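In the part that follows, the structures are each spelled out as structure tokens.
The two complexes that follow have chain A in common; it is paired with chain B in the first and with chain C in the second.
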Partner chain A sequence: MSEYGYIPESPAQSFGNNKGIFSPNDIYDLTRADKYTQYGQLDLIESVTADDSVAYYDFDNLGDYDIHFITANNIQGASTTAQNLDIRVKVSGTAITSGYHFGNQLGSSNGTFSESYSNSYSQFYFLPNVDNETNATANGYSYIYNALDSKKYTFQTFQVVASQSTHTPRFSYGMGVYPTANQCSGLRVFMATTGNIDEGNITLYGIKAYS
Partner chain B sequence: MAGSLVQVATNTVTSAVASVTLTGIDSDDVYMVQTVGVKSSNDNVELRIRVGTSGTLDSDSEYDYANKKLRADTTFQNFGYTNQDNWFGMQVGTSTQEQFNSIHYLYNFNNSSEYSFITNEIVGIDTSATCSGQQGGAVHTVTEANDSIGFLCSAGNITSGTFTLYKVV
Partner chain C sequence: MASNLHFIKQVEGTTVADFNMTDIFTSEFETYQIMIAKWDTANDDYTYGRIINASGVDTGSNYAYAVQILYSDQAFYNDGKSNSSTTMSYLNYCYPAGNENNGGLVLTVYNPNSSSSYTYFTFQSVTFGNIANRLYGMKGIYVHKVAETVTGLQLGRTGNFDHIVADIYGVK
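And then the complex of A and B:
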């Protein structure tokens, strides 16, 4: 009997088209070959809960994905200085601190809308107005494209909502690029000015795509 | 499986094609499309999006959209159009890093009594070698069921890119 209980030849296996009776070893081997159907293509890579112990979290396991998805929920900083929680790519283990481009549209509940942009920035723009006020938190998500492709730039899009007394509740969305073609070794989520990340959850997912 | 993505269709372009159609929208769930590294054979062309019926892309003039175009080098622009024959994605071209990457959420595609809606979250390098993106929403103002979504250029072919359709369950 050949693989998967078939006689005499085993059928070709692929995502969404598995045939046969599978042993644990078969499932293991097919999963490693991306040929075993497992629905649920939003893969949790790592989640951290901030506790005022560090100013940044490094996500150094990026798996094998074209697109990564970061969520930041209920973020507060330890400092009373309102600042961004931003993202940097890491290359060969080092967080890159220059050369980013971004565009950001911002809108506040007080009726103020504005845009900001730069082709010489030191990080990917993400959550604005993070500080330590009661009930003032920032929340949002960001997609990161091509981080693992050594031949392509690394791109980002994001959308967030935040509340902080000086700035009133606000949304922000935008995009950015790290315009150097290389393979990123990780992503750093960090307080852009000072102090630790006081509370909140930051989670990195990979969006699985079967060929 | 609550709160998960389920891959429905994918297409990786490795040789030039006129269009890419992703089919398999057969429920009232929200669907998501992701595109990565989309490039065109012709320089300075539009990457366009259309809904599909029975796998054939609709070329009627029922596409409305409103997008904010963001750029990293200058002020942003508003794009609002009705009765077009496609939804505009962004300008793409042939330079090495010119490309289109995006996330779209699809609403009501399977519902034959409602219009089909899409949100746009797009970033790339445009024909002026600038980081550029579009954020917005769009509607196909026809009460019909759409089982597919497609991408094409205003001229020439799509030469590379990976397109994947997921169901959000």
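And then the complex of A and C:
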């Protein structure tokens, strides 16, 4: 008997178009070949739980995706100084510290709305007003586009919510770009000013697609 | 089953004035995400959207929108129309130079398959203009104000999409 229970020739297999009876070995082989239909295209790459031991986390395995998705939940800093948790691209293992653009819209529960922007920034803007106080955390997500495409710039969008005693609960959303075409080797999520990341989870996903 | 994205299909266009994503919405999902990371264009212009129904592309004045355009070098711009627009405007702004600068879009679509409700959209996009040295970020909402089943989506602009790739997911 040929593959997948067919005689004499087995049918071609692809995502969304599998035919036949599959042994565990078949499933293993087809999965490795990216030809086995398994729904759930938000692929977990890596998740870290902050423990006040470091000021940044490097995600150096980006897999093979056009779009990445980062979530940050219940983030607190070790410092009482309110600051951002931001993102930098890494190229050839080095975190890039200049040449970013961003635009950011802020909205606060006290009715204040404001915008900020820069075409000469040091990182991708992400979570604002991270500090260290009881029950005050920052939470959000960011999409990263074309980080692995050597012919494209690396782009970012984000949306977050944060609460802090000296700054009323607020949302923030915006976009960023690192306008240099190269293949990124990783992403760094880091405290922008001082101190370690005290608490919270940061998770990197890849958005799986099939051509 | 745990919630996740379910890949539906990838749609690719080469040298097309209108990029049609047909038969992408079904009864299987209530919410969809359309993600685009690859846009190549030969001229600079805004991208707009229109829905596709059983009769084709809806070019009528059936769209409402509210969009904020964020820049990296100047004050932001807000625009909106309540019910008289013929397009879902300001989806992004594609710049042609080298095509390395047309970035990303996530467009979330709600209730397209329902014949008894409007179809709603939220989106966020980002591109970059080399000549202006300016980031173009757009965030907003669209409503197609006709209670009917929507089966697909068309993206258009002045000038072609030289190359565009969209991945469509159901959210479950």
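In this section, the second predicted complex is superposed on the first by the 211 of 211 C-alpha atoms of A that agree within 3 Å, B and C clash if a C-alpha of one lies under 4 Å from a C-alpha of the other, contacts with A are read in each partner's own complex, and residues count from 1 in each chain.
One rule holds for everything that comes next: a residue touches a chain if its C-beta (ideal position, glycine included) is under 8 Å from a C-beta of that chain, and two chains touch if they have at least 3 such contacts.
As the structure is a computational prediction, the values presented were derived from the model and not from experiment.
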Discussion item. Using the superposition on chain A, tell me whether chain B and chain C clash or fit.
Written reply: clash
Practice prompt. For A:N119, decide between first (touching chain B), second (touching chain C), both and neither.
Written response: both
Practice prompt. Would you sort A:D60 into first (chain B), second (chain C), both or neither based on which partner it touches?
Written response: neither
Item to complete: Applying the touch criterion given at the start, work out whether A:D51 contacts chain B, chain C, both or neither, answering first, second, both or neither.
Response: neither
Discussion item. Based on the A-chain superposition described above, do chain B and chain C contact any of the same residues on chain A, and if so which?
Written reply: 15-16, 39-42, 66-67, 101-105, 115, 117-119, 143, 145-146, 152-153, 155-157, 159, 173-177, 179, 181, 207-211
Worksheet item: Can you list the residues on chain B that touch chain A in the complex?
Response: 1, 3-7, 10, 12, 34, 36-37, 68, 70-76, 97, 99, 101, 103, 121-125, 130-133, 135, 162, 164, 166
Worksheet entry | Interface residues, chain A side, partner chain B - complex | 15-16, 39-42, 66-67, 101-105, 115, 117-119, 143, 145-146, 149, 152-153, 155-157, 159, 173-177, 179, 181, 207-211
Worksheet entry | chain C contact footprint on chain A (complex, rising order) | 15-16, 39-42, 66-67, 101-105, 115, 117-119, 143, 145-146, 151-153, 155-157, 159, 173-177, 179, 181, 207-211
Discussion item. Help me check something: in the complex, which residues belonging to chain C touch chain A?
Written reply: 2, 4-7, 10, 12, 35, 37-38, 68, 70-76, 98-101, 103-104, 106, 124-128, 130, 133-135, 137, 139, 165, 167, 169, 172
